[in-house]
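Encoded as structure tokens, here's the structure I'll be asking about.
Letters are used for the chains, namely A, B and C, taken in the order the chains are written, and counting of residues starts over at 1 for each.
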Amino acid sequence: MFLKNCWYVAAWSDEIGDGLFSRTLLDTPILFYRDTAGRVVALDNRCCHRAAPLSLGRLEGDCVRCMYHGLKFDPSGRCVEIPMQEHIPPQARVRAYPVEERSRWVWIWMGDPDKADPALLPDTHWLDDPGWRSLSGYMLHQANYLQVADNLCDFSHFSFVHPETVGGSVAYARAQPQVERLANGVRIIRGLEGDEPAPFVRKLRPEWETVDRWNNYDFLVPGVLLMDSGSVPVGRGGANGSREGALEFRSCQAVTPETADSTHYFFAQPHNFSIDDPEATRRIHQVLLDAFEEDRRIISGQSRMLAHDPEVRMVPLGVDAALSHFRWVMNKRIREEQAA
Amino acid sequence: MFLKNCWYVAAWSDEIGDGLFSRTLLDTPILFYRDTAGRVVALDNRCCHRAAPLSLGRLEGDCVRCMYHGLKFDPSGRCVEIPMQEHIPPQARVRAYPVEERSRWVWIWMGDPDKADPALLPDTHWLDDPGWRSLSGYMLHQANYLQVADNLCDFSHFSFVHPETVGGSVAYARAQPQVERLANGVRIIRGLEGDEPAPFVRKLRPEWETVDRWNNYDFLVPGVLLMDSGSVPVGRGGANGSREGALEFRSCQAVTPETADSTHYFFAQPHNFSIDDPEATRRIHQVLLDAFEEDRRIISGQSRMLAHDPEVRMVPLGVDAALSHFRWVMNKRIREEQAA
Amino acid sequence: MFLKNCWYVAAWSDEIGDGLFSRTLLDTPILFYRDTAGRVVALDNRCCHRAAPLSLGRLEGDCVRCMYHGLKFDPSGRCVEIPMQEHIPPQARVRAYPVEERSRWVWIWMGDPDKADPALLPDTHWLDDPGWRSLSGYMLHQANYLQVADNLCDFSHFSFVHPETVGGSVAYARAQPQVERLANGVRIIRGLEGDEPAPFVRKLRPEWETVDRWNNYDFLVPGVLLMDSGSVPVGRGGANGSREGALEFRSCQAVTPETADSTHYFFAQPHNFSIDDPEATRRIHQVLLDAFEEDRRIISGQSRMLAHDPEVRMVPLGVDAALSHFRWVMNKRIREEQAA
């Protein structure tokens, strides 16, 4: 049971190029392509005639032709040609999904198209702002999306899962975050003054001995993380002080269910320093790849344990405040949607 | 739920040689071997004692010995030796299935043996007629047998799935076939006069510019295709005119369920020209292999789509007349059999 | 449904070394490690907080730390540290299992810990008796544990499954064993005087032409085989005569369910001759490995057959007396345990 009436990240812009691209989202196989004007089209990847995948078909101008029996569909999903007959039955159509492309991310709306309001899209302009640089990250988790969401709602795991990458001292795990319950997610303010630098910061700025660091972010329905994070030499006021000379990031991450047991994970780590040094951007991206492999290992292990006993009772701790609220919001939204 | 009281193709004759051969048919593991007279024996591939596979056993004359505890079974499935005891309980037997071997195909009857009438076997003499040549083709589809049957009931897919092999012009997809509803299947008469040659015909007869072509066939319960197909230079009357100098084929194909989700596919393409040129026979067979890989790709894709939503509604088109009738006949036969 | 209140072999002693070791037993993932005194600890391999596997954690003295959020557990399963908060909720614990280590085998009690009486452990002292030598054997069967138990309850399969290893003549299959029904298993006395040597005996003692051989063993709940087996030149009284110059073995084997469809199999073949010749020990062990691969092949085949029809009726034979009794005892014990 997934939330339908919301925007999900479906792909990086450059994943959808000249040809047909398919991806399963919310257990629904979707076909993506660009029309002749470059706009992204999203259709059910299943011909309405005999259920052949349209992704095995052929792009023809603004349309896609199923290469089983030749039915041709326009960007609205309407069948516009059946080679073997003149009459096109009105029910000969595949579902088309509202799509918005913003700052290198392609968003899709899987619910009621009338509710697909682009004003609901979160601001991720750092992904293509000329003052920021980042590379495109993607991985597939073999886990339910809520396990990935849990992970992103509680950075106390940084010290244990990521001691050699983005984590660091146990003190950072102990730093109590402020958790603000939002109607559509959670806002988390986590910072520590006078901490040792995280390992990746130590590599970027070997001369820094003690820093103020912060990870301040919103984690929003259905799984979008927008973060202001950084480090600065101790004593300048941390996140609230001057950002002059700080290492600053505006991470954009998104969690989209593939199926009940697998999850797409899109991520980038925009930075506003060394923006003319592609090698710096590449190294910062590599830190993320390494760290998220560490997450994937523990989340996959968690999935294997849950598979043995899906109904296991978990013991709630204080650090679960954010993930509990996020799960509560998701559950509430899904129940409301189902009831409507 | 499979139809039981009918003949299914179980194997090519040469698949059952000197040793034990096993294949799952209709979700039932079957053991095949030849007795000392060369007759094919078909038994449940599961010892009646502790369910060990007899295919891990040993052929001993007309009998097979289970190599778990040594029980020996004769071609009727009766246990004729239990090494550890004198008494052989009457229920110590495995099921034996009626088998008929005709023209390189081994047929099996999985239902009531009393109804296994060899007169019901279709005529496939082209498979070993001295005036015709063909090689033995086999592949396993990861799809329900009815998806493969659908494919064979409607050749309008030729133009889209097989544009570079056995298909050709879109005009051939548009050619309206005659569909005759038979009690035990469908008869399809498809032809086009003055068409461009199919790609494989173009290779066999580069000098032909415009042809009459035809694919006239019966597709019979439980999944046997018997076809008269060919091409001839335009103006000689096509399928109904002189076959002098024509490229003629008598394709024999059979679809047999392995499980609900996988299907054996046996096929050959007998031709009556160049019969002393094994290389020609090999090339004609290769065309079939290439074309059926094209089918397998689209049918597998269809299976993946259906797995996401097995109850999906399909939009019926005129070209579905034959497959709809075939499915209706199969369904009727299965219901009658279940009710009996 | 597994029997819980009994000792199961969980591992060879040397499988649990300096680090963390995990194994699934009775469908339950278990973590093993040694405390600082070298005692084996067995805990649920699933953190009580968010179900991460403790086997991805870190051993810290007598404790293990979950490396998701840093919870630390002592050998009793009690959480003794939560880095992010002072208060440790009393329900923050993982289940600990009674463990006993005897003669190179680590035993675990998966049921009510109050009933875990070490006096119930069977005597397997041959595994580390200075007068006997053996190597440690392990394999995983892809089959229910009762199929492996069946195999061990009836050695009439020796002649058919193991003709080139531990088996031999069909006469040995025909030799009627005495089967004594025990409250907790079966006792089997199988011997044959004046038989040809088993193939592996022939290699060890090429000069022996005719032997008395025996396989006398108990097969005990939940799946422990303790055997006195051997061969001696004919005429010395066999198992009941002098063991002077005999080839004697005290095989210790144990069957422990991993899941409903997979089974751990632990085995060793202690011998009391050539005890200063490691190469002899290695060769004797290799015979077992070869023979048990032969068993695995037939048992896997049996599993595949049963998967097609789990409810298949089997035809009982006289040789099934022991396995039938063992299954009856297991079933009775499980029913009693469930009812309690």
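Throughout what follows, a contact is a pair of C-beta atoms (placed from the backbone, for glycine too) under 8 Å apart; a residue touches a chain by one contact, two chains touch by 3 or more.
Since this is a predicted model, take the numbers as computed values, not measurements.
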Subunit A onto subunit C, rotation angle from CA fit, given as a multiple of 5 degrees: 120
Chain copies touching (subunit A, subunit B) - same or different residues, decided at half shared: different
Distance between chain centroids, defined by C-alpha means - subunit A, subunit B (Å): 48
For subunit A, residues that touch 2 or more chains besides their own: none
Contact footprint of subunit B on subunit C as seen in their complex: 150, 154, 156-157, 159-161, 170, 173-174, 176, 297-298, 301-302, 304-306, 308-309, 312, 314-315, 317-319
Contact footprint of subunit C on subunit B as seen in their complex: 24, 27-29, 45-46, 48-53, 55-56, 65-70, 82-85, 89, 91-92
